[in-house]
């Protein structure tokens, strides 16, 4: 499980065994976490009337590797509640574009790595099962997540006849899901900052008793409330843009896993597609290379 | 520089210093690389009348770490010419979905890592310069690359007033670029298997004398012929789906770099956007969390 | 001028010259027009304490051809406030599909005819002037009006380089107009039932001081509040579907008028397009007919 | 039946009873109709060696009201083969924008009127039957016909769960129809100048044995070759823009007829939609008017 999701869980679990001073810290943090995230250990101590070292031991008790790790967890907790302007102000300043380039790509490597660590194997398998069990598979993504929904829909449609991408268009997202029922599956994709409409649409699907998979960044995401299964992928990026790199890699895995289970058919379907692609010159072919 | 791009370059460079037998191998490979990519060292030896060890030394001479490394380079060379069906047949068979999951995500980490290694710093900087110099910035992506173009366009439009995403729609891509001129910039995005229409559209932009940036996987890509600048990102994936994870990470870096250069303005623009987002409840806010 | 738009105007104009009983009717109608629209003359008389014939003379005074004509005007006034379910219940029942077919098409002929009668020549001319004066022309339509916006944008883009269609998509409509200013023109298209988001977007454009053209069905439309110019087209249809036939015919006229003013250029632009269409086989050509 | 479709039919029917001179005229016209359409009666007479009055009587024999009517039929026959540039040059020149406005709208009234006259009642009924019999209803329109397909799909989706709009997008039109079979229905919409891709897609659907409805302007349209049913609507416009007003009115009739047959259900479906529209403030409501 990832560090950032369980700060509140950790506090709850250790609460009974805390000293009186630690309980004060816990209560202060839970009530003022947005402020606490940007306070030093000594400043928090001041606020609740304990010593700096009590605050540091509090972090240790919760299993964090020092106070900075606790602070990091706090910041991640509030991250989706920061406005973009606050995030721009918080973000690092790069004078060298190539340092910037490497920092961004390395941070994406870390996002994928954390996503590998966070994966729940049973959930991943169940999602594949549900994809094959559904009458219709609705794939929902809006705003920056719309490209993810389109990419997933693009490839799944080659393998499965019953896929529908739901995104902003001529019809409202609710209208596009007006026929959803308990026989269907919705894969809802949303990352911070979470689109209100996506959350409403996921709730709508759940109220119609559809199975719901949330593809999101944390168990604290507002999507999880309506989800039967939650697939986590990291989207951390120290900038105004959320990184959807790890989510896209997770989507690759989903597509390959679905293809794997229909291996024989997939070969046949793509045989058909190859004929079409060739007849209508969809892809650059050998004759054009020369 | 990456291994796969320069096989032909390496052959050319070492040709003068090759033994007669090695020259025969070189000629055979260049004439029949699609077949050679799937032949053993001893089989190639047989074909051209030299020993297996001559073939192995040939790989060493070119700087490859053994014959398998040469063969890998050959396969990458032809990869975009394989049909999807051939690729499905070549791809590994996973019985365990979680091994599959990890294999896919790790291969994406490798894609990003190679992308970091391949980056040409001057090119990256020049692309940013050109984005700021252009009258209109056209961002073109079709088929599986359409989501990439949309994602890049989505964020650049927050920072720059003169961005146009060009993709399949009511109007043809040519019609969407009918006003393009030498004052404009086209960022063309295409990965194997390369869409014919994208290549034609990039050529069209170049004929109209627009500056052209190709975002693609290799210097052998058909886009590079028309490009002033080529940004490379790896898209290797041992499956029927091409991985656009590293290209998306590269796009993150582009967006952050453009934002960085207009740092003050970006803060102001997003201040405006925050007001709109708040007024129209675009994002999940605090009042909805409780 | 059309009957339905000016009921309130007519009442206002004749108010001074009305008898005391007529003034009571006028006040009742203005306060309860949704109810009044479905009451008989005698029932309205009862309500306000006058005779049925006073109500009939009231209709005459306002220039209506009897009380049924007044009632029709009232119903049109409230039409956009009826829910679709109420409209389905109010709509005629056709047993013969061919009677239905002719009824629908004839009602569309009437819609166009009324649109010809309603046209304000100066407004039409001013709109054309404003299209040529604008830095950027934004064409906004959502939901059932999205196809109208796309059609208008499709053709204007062949003639003018600075056209942007704004509709639901990856980005929000506000984000698509984030750069709009007092140098720009917004053509907002909305017909009953008016989309809230369209009205908000038109208001947004006006607050940014853009010139605004409303293409809508009546001077009572919520768009007109923010519009510099209002182009009227009828959308009456005795069914759950609004007819956008007359609005589309009005759009034809706009396109032809814009083309007319750039006649020489248009010929040249389409000369260019013909070459592209021919090179890429966009249209069925002679060689394919045989 | 309309004048323009049957010129060739008329010639065929009367051929046996023609004089020798008339047969020469018939043969000349059929071989050179593109030239003949712009020749005077006397010029045609000259070409084939008969008198002008023989040509005039030839027109009478075919049932035309004089030679100009025959010439009009000829011109309509070739109209879709004219390039846009030729059409611009042929189109009238309007100095007064308001004459232009009225001319365009009146010509659309005529288009609808001809559409009423051309309707084949049995075909219209059969199309409705086929819509209800289909597993999936694909609605295909590209380029200027894309808005028509979207409008039809928008409304049919409220009534039927199995509607798919096929148009240019992330996936190719063929890919969007990859699952089409003999249980499905394709409604293909195309008007002059006919999009090649639409014709290919209609052919593709027919080869997959789907039922095909062509919505087009004439029995000579390239779509009819693959169609089980052809719904005609006029698209004449003396300008570079094709008028899709009569086709849209025909689409209105289709929607109303489909709704009519599911009258009870439609009321219920829209009851559901009303709740959604109200909950999410999709339409301007009373509370916003005040």
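Each chain carries a letter (A, B, C and D) given by its place in the written order, and its residues are counted from 1.
Keep in mind that, in the parts below, contacts are C-beta pairs under 8 Å (C-beta built on N, C-alpha and C of every residue); 3 or more make two chains touch, one makes a residue touch a chain.
Here the structure is a predicted model, which means the values were calculated and not measured.
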Chain pair, A-D or B-D, that carries the greater number of C-beta contacts: A-D
Label of the chain whose CA centroid is most distant from the centroid of chain C: B
Rounded Å distance between chain C and chain D, as computed from the means of their C-alpha atoms: 25
Separation of chain A from chain D, taking each centre as the mean of its C-alpha atoms, in whole Å: 48
Centroid distance [mean C-alpha coordinates] between chain D and chain B, Å: 43
Per-residue multi-chain contacts in chain A, two or more chains: 143-144, 146-147, 150, 154, 158, 170-172, 273, 282
List of chain C residues in touch with chain A within their complex: 142-144, 146-147, 167-172
Of chain C, residues touching chain B in the complex: 150, 153-154, 157-158, 161, 170-172, 174-176, 178-179, 200, 204, 269, 272-273, 276, 280, 282
Complex contacts: residues of chain A adjacent to chain B: 80-81, 83-85, 88-89, 93-94, 97-98, 100-102, 104-106, 108-109, 112-113, 115-116, 119, 121, 124-125, 128, 143-144, 146-148, 150-151, 154-155, 158, 193-197, 199, 222, 237, 239-241, 243-246, 248-250, 252-253, 255-257, 259-260, 263, 266-267, 270-271, 273-274, 281-286, 288-289
